[in-house]
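Notes to accompany the following structure.
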Amino acid sequence: MTAPAYRTAERRARGARPPLPRLRSVLAEQVRATGHALRGPALIAAALLALVTLFAASQVLSRGVDLTLNAWPTQLPGLMGALLPIAVWARDERFGPAFLWTLPVDRRRHALTKALAGWVWLMAGVALFVLWLLAVTSASGGRALPPETLHVVTSQVAAAGPLDPAALRTVRWAPGPLIWAVPFTAATATYLLGSALVLGSRHPLRWVIGTVLSYVLSSIASEAASAQLRAGWLDDAPGRLLRLLVDSRYGLDALLTARIESLSNPAALTTGESTIVWWGVPDLADWRTATLLWTGAGLLALWAAASRHRERRRA
Amino acid sequence: MLVTLDPRDERPLYLQIVDQVRRALLVGTLRAEDPLPSVRELAGQLVVNPRTVSQAYRELEGEGVIYVRRGQGTFVAPTIHPDRRERRALVRGVAERALVDARRNGLGVEELVTMICEVAAEDEGEGSPSASAVRPGEEEGAA
Amino acid sequence: MTHTDPRAGDYVVATHGLSKRYGRESALEHVDLRVPDGAVYVLVGVNGAGKSTLFKVLMNLERPDAGTAEVFGLDTGRAGPEVRAQVGYVPERQDAPYRSMTCARLLRHAAAFYPEWDHAYADHLTRALGVRPQRRVGGLSKGETRRLQLVLALAYRPPLLLLDEPTDGLDPVVRRRALALLAEHLADAPTTVLISTHHIHEMESLADHVGVLREGRLVAQMPRDELQRTVRSYRLEVPDAWAAPRELQPTGLRRSSAGRDVQCTLVGEEREVARRLAATGARVRQVSTLALEDAALAFLPEDPS
């Protein structure tokens, strides 16, 4: 008999029950196991980054431009966050008698622990991404997120057509230090929502396709309806709803890019040049609120999704 | 020591083990101070619940047939020699089983006893292998 | 014919009126399972009889429609994690998780959840069962997955083992070795085992309690000695137009062409059976004990349809 066997036998003889695992060791092991599961996607991401680096290097060397980071390409961390749950929960069965649920951990807590483990790796990935961006930027001689001069539109102008330079005013805008947090918060929020979807539904892909389809169908329907019923408000109602979700003050874009994306547009001036024109000054307060809202929604959704797997307690 | 279990034997498993140990002692394959397999080993060999083996060993220990040497295992008692009591117990077991069998087949006691003697006489006369090769009690002077 | 002891406190596993339906089919119906401490309880039944459902309820992977289940006195629905910390479970299905991990890595993963995991013993079991530690879990054959699941269940010496068809998918040589390993395992620490199986004959010597599940109902539950004592095969001489008394649960009835010689399996204490048979005019010519498998089969439907 091995020494642990002897100790176990002794303990059992005394009537002591086998102990539950400590949350610390469960979390640590989940982080390790999730890391193991993410090796594949990580390699792919690394390969892609290498390719992009080569491309950027060739551009810099051939054309001598320097790459300045004006704004985070945060759609990428956002996308990373949204897609990571698929890799985290990939082959793990969430529904039915899966190995995961036979372990001596409360099931809802276990689901959340696993999601948390994935988030740890997500933050590591985003950090590496940020570092890579900075490295590429500085290697090319550019600067990262420097203060900028923005051309802001002062008054209501027609959306189409070249703009009169006089209608623009210049604003000096320096993104505060909080801007460095944007990729992390964006990825976190999308990760929470993605995890909620993957954890909470048996066929998350069907939900995604279903949503896209229903958007398309409802757009067609609302257009037809508004034409038939001459109800102008119906026209493009789904589209407006979508824009509300994305472009509004606390919408998705606020979360992802502090509205830098939606507020800026390239436009042609009457003088013949074309420049980036801003419809408002991005305000990090908007981003803060948006982050709180979306992250809060994500946490709630994840909690609800995890609760779907909770231990059934009888009344 | 070789123990085999008969799945169709109606006796409890532990009793089968006890009887086989006793028999081995009588026949001479087991002698005083011989080691017995550990509970774990025997359970693995026979694919039985170790509790059954423990029960058998406890019974044997209670009768003084075997003893446990601390740290070394289980051994046949040094003072054991197949004595009349053991023999009697074994014979009794066989007789009981035969009687039950007879009763089931609707046979009477006298019929059975007569037939046993007849068959025994036939065997001895022919020297057939139905008489066991080692005659119990002949090896050591039955004490 | 169930002999349930109402003192549920002495039992490691006790279910009370457990029922579970899947749509129209009832997988379990008012099951009162009782597994005594230290027993090797073999649960027998045809496919779909509800054995796996019972295990899943005990592990709180399924919620029953009625009734309760207790393991070590803990309600399986309320104290799921505590129950599972004391149970080693081999599921009926054979998908192992984390297919890209090696077997060794998967074992280390499981070890994090069971503080009493014995790494040396896990190595011993791995070798004894012929599991190759460096193979990827996803690339294992059915039998090897099964053996890995056995290691996963045994390595932390849980006081209760729930084994759902543990030898399923294993070839005959490995089966015997696995069962011998199980018998040895039981010697190390007090362990209770609940096994469900189709192959009763290989559990013949290991079992000390038998339960028969038929269409979701527990039709028999008793120690093996009692089963062998009360289910026997009778050779009878019967009068013409004789029918076996229903209360003796006759099965396996065979008649000679003349109709006067009958062999069948009957349930009941021998003397009582003989008495009842005499009352119907039958004479007992011979009684033989049955192996455990045949005895248990007496409670199962004869017609497979």
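As written, the chains take the letters A, B and C, and residue 1 is the first residue of each chain.
Basically, a contact is a pair of C-beta atoms (placed from the backbone, for glycine too) under 8 Å apart; a residue touches a chain by one contact, two chains touch by 3 or more.
From a predicted model like this one, the values you see are computed outputs, not experimental measurements.
> Where each step is a move between two chains that touch, what is the least number of such steps from chain A to chain B?
2
> Average the CA atoms of each chain to get its centre, and name the chain whose centre is farthest from that of chain A.
Of all chains, B has its centre farthest from that of chain A.
> By C-alpha centroids, what is the most central chain here?
Chain nearest the overall C-alpha centroid, as shown: C.
> Using mean CA coordinates as chain centres, what's the gap between chain A and chain B in Å?
Those two chain centres are 77 Å apart.
> Report the inter-chain centroid distance for chain A and chain C in whole angstrom, where each centroid is the mean of the CA atoms.
Computed value for the inter-centroid distance: 50 Å.
> On a C-alpha centroid basis, what's the spacing between chain B and chain C, in Å?
The separation of the two C-alpha centroids amounts to 31 Å.
> At least two partner chains per residue is the criterion; list those residues in chain C.
188
> Tell me, which parts of chain B touch chain C in their complex?
5, 7-10, 12-13, 38-41, 43-52, 104-106
> Going by the contact rule at the top, pick out the chain A residues touching chain C in the complex.
Touch list, chain A to chain C: 1-2, 4-5, 8-9, 11-13, 17-22, 25-26, 28-29, 32-33, 36-37, 39-40, 91-93, 96-107, 311-314.
> Okay, in this complex, where on chain C does chain A touch?
56, 59-63, 68, 72, 75, 77-78, 80-82, 84-86, 89, 91, 93, 95-101, 105, 109-110, 112-116, 118-121, 124, 156-159, 188-190
> Of all residues in chain C, which touch chain B in the complex?
It is residues 38-40, 176, 179-181, 183-184, 186-188, 201, 204-206, 208, 225, 228-229, 283-292 of chain C that touch chain B.
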